[in-house]
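Input: structures, listed below.
Each of the two complexes below includes chain A, the first together with chain B, the second together with chain C.
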Partner chain A sequence: MDDTEIGPGADPAPVVTLEQVHMSFGPVHALQAASLMISPGVCIGLVGHNGAGKSTLANVINGRLAQTQGQVQYRGEDPVQRNSQNAHNAGVRSVFQELSLCPNLTVLENLRIPYRTMPRRSWRRVARQKMQDALDLVFPGHSIRPRATVGDLTIAERQMVEIAIAFADRDREPSLVILDEPTSSLDAAIAQQLLDHIKRFCSAGGAVLFISHMMGEIFEVSTRIVVMKDGKIVEDQAAQAFTRSSIVDAMGHVAPEADTADNGLSRREFGPEIVRAANGLNARAGEIVGLAGLAGHGQAEALARLFFDHAPKWKPAREPEVVFVAGDRARDGVMPLWSILRNLSLTTLPEFSPRVMVDRGREANLVQSWKEKIGIRTENLLNPILSLSGGNQQKVLFARALASTAPVVVMDDPMRGVDVGTKKDVYQMIRDEAAHGRCFLWYSTETDEILECDRVFVFRAGQIAAELTGDEITEESILHASFEMQEAAE
Partner chain B sequence: MTDKTVLTQARPNPARTVLQKPWLWAYLAATLTFAATSMIAGSDAGSLFYAALTFASFSAIVGIGQMLVITLGPGNIDLSIPATMTLAATLALKFMDTQTALILPGLLVAIGVGIGCGLVNFILILLLRIPPIIATLSASFLYQSLAIWSNRGLRIKPPESLAEFATGGALGIPNVALAGIILATGAWVLLERSIAGRWISAIGQNLRAARLSGVPVNAVRFGIYVNSAVCAALTGFLLASFSGGANLNMGTEYMLMSIAVVVIGGSSIGGGNSNVPGIWGAALFMFLIVSMLNSYGLGAGIRLILTGLVIVGVVTLASRKGYDA
Partner chain C sequence: MTSDRLRLLLPMMSLAVLLGAVFYLQPRAMSYFGLNLLFNLAIPVALATIAQMMIIMVNDIDLSVGTFVSFCACVTATFVHDTPLLGYAILATAILAYAALGALIQLRGLPAIVVTLGMSFVWGGLAVLILPSPGGASPEWLKTLMGLKTPLIPIAVIAPLVIALVVHLLIKRSWVGVILQGVGGNERAMERAGWSVVRLRAAAYGLAGLFGVLAGMCLVGLTTAADANIALRYTLLSIAGVILGGGEFVGGRISPFGAVIGALTLTLAASFLSFLRLSPDWQIGAQGAILILVLAVRLLFLRKEAAA
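Now for the complex of A and B:
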């Protein structure tokens, strides 16, 4: 491979060019016909909803994912190797949302990992110096020692180390740095240092792809703004052409508004309050309570805590207080060795079996009736659960919880992989169950599901940022609440 | 719609179902080794079978306890079985002091020791959050030391009538084997038919999902660890009565044996999927393979190598994945 020095500004060709790139995961089209050109010296702000395809786009550019269609060119050259190698040679660096440092290694050892041509002899001294320089460059006045173990650092410090490593002068100089929500764990002053560095870096000829939900930051550093929606790039213009509200508009409304008005939810009477958590989350009998906000802002944790606080650890409950519908099926729901029947009946075993033995007749009846009620597509309920499609597995998990008599149903983004028709059926089922006095706590990343709720708590950074009821539940107000606190902090 | 419709369309061809059972291989291997041993001139098939049943029952009982522990999923194992056996046998025999009248209380002493050891194991695992492999191993030093301290190197004899019971038989089947078969049947009912059995399997497949489905995880794990220790204690009691007394290394070989019969029996070492009939097949096989190689007059070295190879072979055959209805 050629070893010519590639520095910022040394080459007028665009760092990376995407032409009609598609990326699909099975039936899911995460990226459709995306075309994008990133030239040296620009900072592109990338915005969009959760699941709009931002991270997929970033991962195609840095070579972690190979596009299923289309072409990715680095520095205007035709690809000669795998994307990841091309991206590395072109000086593309990434900082991800989920931190990717090795916690058991020291800071300087973490720099050593991507620095493939570090001199062998006394490399620790070299790495320490490079790390110190990189941290001083991006975050002047920091107090991170390069010999510290990463696991001992705070989250913010780890994020700083990761950013510094991305901008560090290594075997190649960085030409494009992809930052995926880099400021989510940084405080305002440190975040400002990062923004200042991005500006310095770009004016020296480097390129940055800056992914963030924080509009203030996007407007501060971006020279161009790209808006994504449903896997497509819907806007790509100079930053001056946008205003905050035009960006929110471009990000799009997931559900048509007409749909929400006539679902007849808002005029119902609710029972007494039956759920109250320390963080202010509460719910009444018969109510559908939504947990909204950006993904990973504490909704799932709040639900899990709520469940574990009320679930038995020692004594099995014949009348459980709360049941759980998992969204992350493999981690939280499916028993992979079991049949559909056993998976479905697990939660309700003590409810329909009077004694210690499983009442297999009642079990078969229960499962058969839920198969018809929720439409599980299988010829034989004794088939392994893994023979079902993801959506049908999800239906089994729904039935597992709904079959119980528990007054509170907790749902952790349960509609992943469920098709539109079934979704409508399940919405209807949830409404019916709520009308009979059941209470639902529903975390969802999809706005049209949140719009089904009677009351919505918007989460931000692990806390409730807003409580919306009735007509206040709109996509705009949810988005505003998701962003409000950060803008106040700026 | 009745349950009949569901269940008839549910059951496939019974012959095929049997062929898919992972315990088949353990029995096949046991039968082959039995045949190979019986063919040697001068050996008596009847007495070989009787001996196999007797010795297999000790492995089978500890194996049942270990199997339930392993079913709880990766990381779950009980390494305190040998020490628990020794301690229970020592204390029980010492308590009985060769008096026939004290046999029943002696049995209760053994079971009590088992419950105590299981409790200690579980406290270490749950409250102190020590991984089971370390917790049970370190606890076993404690039990072993207690046994040494209490018996001071003497061989304690069982009461006469208890020894007769342990070496005797009924209906052509050794008494200890009858005990083993009863326990295995109980374990099968527990696993296949009871709610607790579903819970055990669910925990072994996915602990987090089991918890989120309302399974009382701690209670189940508690019961399983105590059960394993009680099985070990009972085996120690029977083995000491059978072999004429408790001694300090009586449990040694059961450390590996308890795990081997679980694996050869077709239970999934990754948890969630257990197999009671296989325990007995594997226990018979483990005895028969040694006696086969013995009767062919092979030296100890060759015998160990062949035992290892045969175990690897059976595990390979048995570990082909099957689904539980």
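Now for the complex of A and C:
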């Protein structure tokens, strides 16, 4: 632990101390043996790949999640049972990516919501003054009126309001402000104002936990940098001890498994280009194209746009051009009340219904053959789909797509919550299908899946940041492209 | 602020257009007595619309407003008239029941539309039990209150505006109202800030119950008798009134003045169709057509606003 950078005049007692904190959601260990001490005057930069446990750590610190093991201690007088109350009493505030404002209320009314003990007499005047002060303090020269309705503001202005509320003077002073990707929707000048305010706030004795994938910002404000990987804190040192590449090194490198190296990467001949999107995404017949990058950087949207551009609007096509494999099974995959058989035959239904009625015999044959081909573990295909495990449900969704004649298969992170055995089966199947000339577009947040691809597009902020082929596809190069690396600019 | 004003502009314009059309068809309506007759039944409709607005404010919908108002009217015409103490106790219990429903819906995560649909049969059944055939009598003070002769402008016009003003102060200006609107705006944010959404939803439902009771009482004051089916139409009228007045089904966007104006517009639409000498068989359909027309115009407005 390194907490030598305490600002002048600050209370030296740490704001929050985590000791060996574990957090698990069922079998998933989101946080393992995390120990962290946040002292006043320190700005901690928190970095890590998708699912490394950054948000879980932030949520444990602000008390929204109760740790399953370990100790969380806050500064301040008598601790009570609930962490969220303790965190609130200690002055811990947080700003999250999903906006937590009420769009139907005005800016000043939104301050009333977290400020629960606001004086009741002429509260509007108090709220307007405090909101104005907070906005002026963090974003001098802003043009947000406290009486504007939040729904009428731009996304950037809403983000500014949310940040200002976190730094606002309420019933108690803020002691630790957690900022999760706060600059994602701010332009450079406004982001700079925020960074400047963070520096001022920390030198006045406040603490900040700053989560960002913008390396430049991390290095600019942090006095300490914490790197997380697979739910563990792997590095925790003064910012000077790091370079950009040493951070990337600390974040990544899952050792590639020996058997994947020879299989997927053998060179093959590809057919003509059959997919080309406006943003530069393209794919050839027989190719497996990966969409990589941090979660939520426009990969799913790019796939959805591609799919809907090629899908017929009114009349179902007998031979669809593109089929879709959903990753969020519950939202856009399974029909929860239908049987396995019905779920599997959904896309191919027009083939079995030459006129109006469905040819049940042909449907059952096809489903039976896919059950054997893909290994769906069930005794009776008429059982409801929800009787299957998550992995087997996903196999049904794969079979639904592959049973069609569509030359292009779009996959939106399809392996979410699927066990390793099933994954191996599916990888093999995708490779076989690709060898027969099908083209796959595969968005995945897992590096070992991306390593299966022939070509990879790395997305950042909705744009394609890099295109990698063959030997260039390594975890390191993907990480480099997903995180902003503006070394040349500085 | 600007978008809120724009939301209010359309209901006011539709009311003005409709009023102009009525005055054109029947110039004699342009008098103290005429206005009183035109808007006579607007007071209970406005109160029922406010009740519905409280529910829509927290992203729910209440399909039992009509039967609840009928039930309250039946209680007013019987118990409140005969044994006032017991009568008021029943009405107070009904309000508490409404609040309890709100808490239940939040606690168990039930869909409000199903719960209130079920409750509509409960209220309807109770109303029939209390008053199997039309009858009863209005308490004297209610009859006097509703028949009040106010100077210059008739009470049927003043009362809805007063109701709107009071609710506006309560919901739009006071901090309690802001917190209640927050539930519709972003429920998770409210939870995170430490507010008890169960209590807030119960409060919103309790307020709806209160305004439902007031609607039932006013209705009896006007008609001087009650019937178990007296206010069945109020369910749809109240929903239409809230939406007509610039409210939205989700997102906690509501306007008390808009809701009351919406209620007035709908009442006036019925009179307008009578003045047109349209056969009563066609009136409900024509009322629906007016509603669709106004809402379509609003959609165009909002699209333009979003594009700008």
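For the reader, a short list of remarks on this structure follows.
Methods note: the second predicted complex is superposed on the first by the 457 of 490 C-alpha atoms of A that agree within 3 Å, B and C clash if a C-alpha of one lies under 4 Å from a C-alpha of the other, contacts with A are read in each partner's own complex, and residues count from 1 in each chain.
In this text, a residue touches a chain if its C-beta (ideal position, glycine included) is under 8 Å from a C-beta of that chain, and two chains touch if they have at least 3 such contacts.
Quantities reported herein were computed from a predicted structural model and do not represent experimental measurements.
In the superposition on chain A, A:149 makes contact with chain C only, while chain B stays out of contact range. Looking at the shared chain after the overlay, A:312 reaches chain B, while chain C stays out of its contact range. Of the two partner chains, neither chain B nor chain C is touched by A:436. Touched residues of chain A were counted for both chain B and chain C, and B has more of them. In the superposed model, A:121 makes contact with neither chain B nor chain C. When both complexes are aligned on chain A by C-alpha atoms, no chain A residue touches chain B in the first and chain C in the second. Only residues 64, 84-85, 88, 99-106, 109, 112-114, 116, 118, 120, 123-124, 147-149, 151-152 of chain A touch chain C when the two sit together in their complex.
By the touch rule above, chain B contacts chain A in their complex via residues 1-3, 5-7, 9-11, 193-199, 201-202, 205-206, 208-219, 268, 272-273, 323-325. Of all the residues in chain C, the ones that touch chain A in their complex are 1-4, 173, 175, 178-179, 181-182, 184-186, 188-190, 192-195, 251-253. Within the complex formed with chain B, the residues of chain A that make contact are 304, 307-308, 311-317, 320, 323-324, 326, 331-339, 341-342, 346-347, 349-350, 353, 356-358, 360-361, 364-365, 367-369, 379-382, 384, 400, 404.
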